[in-house]
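One chain, subunit A, links the two complexes that follow: it is found with subunit B in the first and with subunit C in the second.
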Partner chain A sequence: MIYKVITKKEFKKFVNGLINSNETFGPRQVNTAKDGKPIYQFKEVHSFDEMELDYTLSYSSLKNFFLPFREVLSRYNFTDDNWEQEIEYRVNPRVIVGVRACDINALCKLDDIFVNGSFPSPYYIARRNNTFLIGMDHLPMDDCFCMSMGELVVRQGFNLFCTDLGDRYYLSINSSKAFNFLRNVKTTDPTDKDDRQWLERRNLIKRSFNTTVDTSSLPNLLDIEFDSPIWEKWGDKCLNCGTCAMVCPTCYCYGIEESIDVSLKSSRRERFQHSCTVVDFAEVAGGHNFRPSKEARLKYRYYHHYHGFAENADEQICVGCNRCGRNCLAGINPKDVIDDLLMEKTDEV
Partner chain B sequence: MKYLGIDPQKIKIGVFNFTCCEGCALALANKEETLVDFLDLLDVVTFREISSDRGEDYDIALVEGSISRDDEIERIKKIRAQAKVLVALGTCACYGGVNNLKNQFKIEEVVEIAYGKDKVETSKVRPLSDVVKVDLEIPGCPVSKAEVEKIVVDIVNQSEINFPEYPVCVECRRNMNTCVFDLGMICLGPITQAGCDAVCPNGGVGCLGCRGPAEDANYESFREILEENGFTMQEALERINFYNALPGMVIDES
Partner chain C sequence: MKYKLPKEDINLKPFMSKPPRYNWKDVIMRTDKTYKCEIINIIELTPMEKLFHLKILDPVERDIFSFRPGQFLMLEVPGFGEVPISISSSSNNKEYIALCIRKAGRVTDILHKAKKGAKVGIRGPFGTSFPMEEMIGHNILLIAGGLGLAPLRAPLYWISEHRDEYEDVSLLYGTKDPPSMLFTYEYAEWEKVNHIDLLTIVDQGDDGWTGRTGLITELFKEMTIDPDNTFAIVCGPPIMFKFVCNYLDSIRLPMNRMFVSLERRMHCGMGKCCRCMVGSTFTCVDGPVFDYWSVMNLKEAI
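Presenting the complex of A and B:
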């Protein structure tokens, strides 16, 4: 990795240059919540000033930029005695500015599945390769727990990462593309003072966490607690509304749907974002449902996040952004559920 | 028109209106970009919004509106006798719909207020299934034309007809909306069947539950959520009673 320092004024010039020649997305306020707090989403921007880079965290994750909630995988055109298949995964180059560390690390986990996995997805790869990611650090929100998940620091999966030093950014340059782009603007090599301030900023972020989740007993704890009454307690609250999975940066389970167009001359195969908490996720032909109860559905989301993936790929799939917890109307959140599981065994001893 | 070399059989339909605003029948005539293809799949026997032809030999009756008068009972029974398949089209036909508001008052009062001296004969509003056997219910106020298209294509191709089982929230979140509760308003989305593409929350308005309950809807948890968000059951009931399509949410106090 190469490190440089750029003034905020020069950074603005740099980003405006990218905006002028690429489709660019950045954090923008889309609403104000009833408690007066702004709600942010990644939206298309046409100038640097439209972005709110001091934002907390986007309401939805970045996932849908790479795994759209619904996408056509292929189209079929019928003729009287034949059919043709059309597949397209062209993506125009695009830039996303202000991406938080948790969201970059989440993409790295999706990379493990859709780029490096046994069945790579050309659709995902096309989107990923054509997206220039500029990351940016931030002070955690009260309920962020990425540090507990070991996802506070970015190591890969981005082009450029900015650490905020007040009037300038400390840049971690992670791609030749980013390095070449930066030649158009003025950057300097970090001085000893810059390095010290960078470390101070890192330490400040670390000290600012108010939420910790004890993951030291996972995934084994989940094996032991498979039949725990805790699942019923939280399952009873679950609306099976799929919100957690839709806002989650790593929930990638999907369904495939094939539909014939009204003209009967063509059809399409679509992938749609599904969720294991949704009632028909585990329903198979004949109407049999492998997860008929609310608790079973909720439990399997936790097992996939903290158990299944951990056993298979030696990592938790959760990055600790707590979007699921923050957006759950029923108040179900990883911190409380995992704490409950830990407490349950402690009480029994 | 052929599908994979096979001539599909056109569906002989009749569209009928009962107590309603006729919006569902009109919805069928919308979505112009595929209207020609849609009508190509149908043999329209009677459908007064789009054709002056009247016939009796329909196979599938698409019926909108609720039942609120005695002459309507006679008429729906005749349609039932003729149709091989009777489809309840829209929230009024499936649940009583907006007309159901009338049931909260005494019939005499309602007639007096609405018609004054020119009294009309009317009774309590009922969904079609209270009077005749209904083979398929397509909810929505109005119905989603896209969903009706899909169902018609499924019928033509003899495929299974499926509705989303999950609540509106799934579609709402896919559209990246801000949760209506976060904006400080009530939304029935978490207990209401999806399929509308969250059209009301898309516009920043809470769901009114026109599509009826989602599968395995969690009423108990939803009641707690309403309370935690500072809403009374009365406020929730006002929304639910608008369409009367979520009977599971209403606790019988008696």
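Presenting the complex of A and C:
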């Protein structure tokens, strides 16, 4: 990795250059929540000033840029008694500015599954390779717990990452594309003072966390406590709406649906995001449901996130952004559930 | 142009013009490309189950498609959907693939209406297989319930093609009632030609039924199993697994010589969609064939 320092003025010039030549997305306020807090989303932007780079966290995660809620995987074109399959991967170069560290780390986890795992997905790779990511650090919100998950620091999966030093950005340059683009603007090598300020900023971020969640023993504890009554307690609250999975940056479970076009001459095979908390997730033909109860489904989501799955080399996939907790209609949030799970055993001792 | 991102067009890569090889899991391929097949024969086994013979039309794809007993494929009916089906033919049969399909949902319903000559698509093979080589020199006990006989037909073919390599082979088969027994026309061949001890039982007999009545575990009373020299393969509805595996475990058949083939909902077959997850593994990549030790370690497996 190469490190440079850029003034915010030059940075604006640089980003405007990217915006003028490419489809660019950045954080923008789209609405105001009931409690008066702004709701941010990544939206297409046409100039630097449209973006609000000091935003907290986008409502939806970055995942949807790579795994859209609904996408056509292939089409079948019918002729008399035959058909032909048509497959095309959509590639539109694009820039996303102001991505938070948790979202970048979440993408790295998705990379493990869709790029490095078995059966690499060309749909995902086409999008990933054509996206230029500019990350940006931020002070955590009250309920963020990415530090507990070890996802505070980005190591890979982005093109450029900016650490805010007041009037300048400390840049981590992670791709030759980014390095070449930066040649068009004025950057300097970090001085000793910059390095010190960088470290101060990192320490400030670390000190600002108000929420910690201990997930270190969860891979085993989730097995041991598989029949724990706490699942019934939390499962009972769950509405099976799937909101948590929709906003989660690493929930990638999906379904495939086919439908015949109105012309009756072709059909579409579509992938759509699904959630393991939705009732029919594990239902098979004939009506048998392998996870018929609410607690079984909610538990399964925690199992996936904190126990880890084979394709992720059994790594926990939660990045601690707490979008699921913040947006849950029934008030279920991972900190409470995990604390409950840990407490239950502690009480009995 | 100073800031223009170069377009990396994956559609121009060489893999786009090649048929996918689903046995090569690690390379990039068109993961949704189906091999086009023609239905060349339809055999009605029962009112609910039909056996379909599919021939892959493209000779290159036909050559690429090779599977091992126990693996499954994703069968695509364009416009309707895709279903995971275990392969019921010999792995040596390069001419056609046999799939035994029960009318159970939207896709299989339309498939049951299909006529000879219709074109469908397949992707695969996927999943793990029975360790046929490891079983050489041992007795084999195959236990099937209902439609569970379909995935066992591939190992049965394998055994009959390599009959000299195995010791005593028995097949225990139980169904709900006599009319739902599958592949009845092959029983005589299995017994007389392949020297397989076939024991059948039904839950509920009918007027013409002269065979055994009861649960499949009743059949264990009629036989002696040598736990030191036997491999077992179990396939059937979830409730059957429980009783059969508990019995085999109680006579101390080692867990690593007891294999089960599990069923789950599947949408991709490639370890991506997570629909077939059992505990922390995928039925489609790490299964459907699991040894009993793995099953014991997986939450909610049986």
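Just so we're on the same page, the second predicted complex is superposed on the first by the 344 of 349 C-alpha atoms of A that agree within 3 Å, B and C clash if a C-alpha of one lies under 4 Å from a C-alpha of the other, contacts with A are read in each partner's own complex, and residues count from 1 in each chain.
Heads up, the rule we're going with is that a contact is a pair of C-beta atoms (placed from the backbone, for glycine too) under 8 Å apart; a residue touches a chain by one contact, two chains touch by 3 or more.
Please read all numbers here as calculations on a predicted model, not as lab measurements.
Visitor: According to the contact criterion defined above, which of subunit B and subunit C contacts more residues of subunit A?
Guide: Per-residue touch count on subunit A favours C.
Visitor: Does subunit B (first) or subunit C (second) touch A:187, or do both, or does neither?
Guide: neither
Visitor: After superposition on the shared chain, which partner residues are touched by A:247: those of subunit B (first), subunit C (second), both, or neither?
Guide: After superposing on A, A:247 lies in contact with subunit B but is clear of subunit C.
Visitor: Looking at the overlay, what does A:177 touch: subunit B (first), subunit C (second), both, or neither?
Guide: second
Visitor: Contact-wise, after the overlay, does A:260 reach subunit B, subunit C, both or neither (first, second, both, neither)?
Guide: Both partners, subunit B and subunit C.
Visitor: Of the partners subunit B and subunit C, which touch A:237 in the superposed model: first, second, both, neither?
Guide: It touches subunit B, and subunit C stays clear.
Visitor: On the A-aligned overlay, A:78 touches which partner chain: subunit B = first, subunit C = second, or both, or neither?
Guide: both
Visitor: For A:33, decide between first (touching subunit B), second (touching subunit C), both and neither.
Guide: A:33: touches subunit B, not subunit C.
Visitor: Would you sort A:69 into first (subunit B), second (subunit C), both or neither based on which partner it touches?
Guide: Only subunit B; A:69 stays clear of subunit C.
Visitor: Give me the intersection of subunit A's contacts with subunit B and its contacts with subunit C, in residue numbers.
Guide: Common interface on subunit A, subunit B vs subunit C: 78, 81, 83, 259-260, 283.
Visitor: Which residues of subunit B touch subunit A once you look at their complex with the stated criterion?
Guide: Its residues touching subunit A are 1-5, 8, 34, 37-38, 40-41, 149-150, 152-153, 156-157, 164-167, 169-170, 173-176, 178-179, 181-184, 189-191, 214-218, 220-222, 224-225, 228.
Visitor: Residue numbers of subunit A touching subunit B in their complex, please.
Guide: Touching subunit B from subunit A are residues 30-31, 33-34, 39, 41, 59-60, 64, 69-70, 78, 80-81, 83, 236-243, 246-247, 259-265, 272-273, 275, 278-280, 283, 294, 327, 329-331.
Visitor: Could you pull out which subunit C residues touch subunit A in their complex?
Guide: 1-11, 15, 25-34, 36, 78-83, 102, 104-105, 108, 117-119, 121, 238, 263-265, 267-268, 270-275, 277, 279-282, 285-286, 299-300
Visitor: Which stretch or stretches of subunit A touch subunit C in the complex?
Guide: It is residues 17-18, 20-22, 73-74, 76, 78, 81-83, 85, 87-89, 91-95, 113-114, 117-122, 125-126, 129-130, 132, 177, 181, 184, 223, 226, 252-260, 267, 269, 274, 276, 281-286, 288, 290-291, 296, 300, 303-304, 307-311, 314 of subunit A that touch subunit C.
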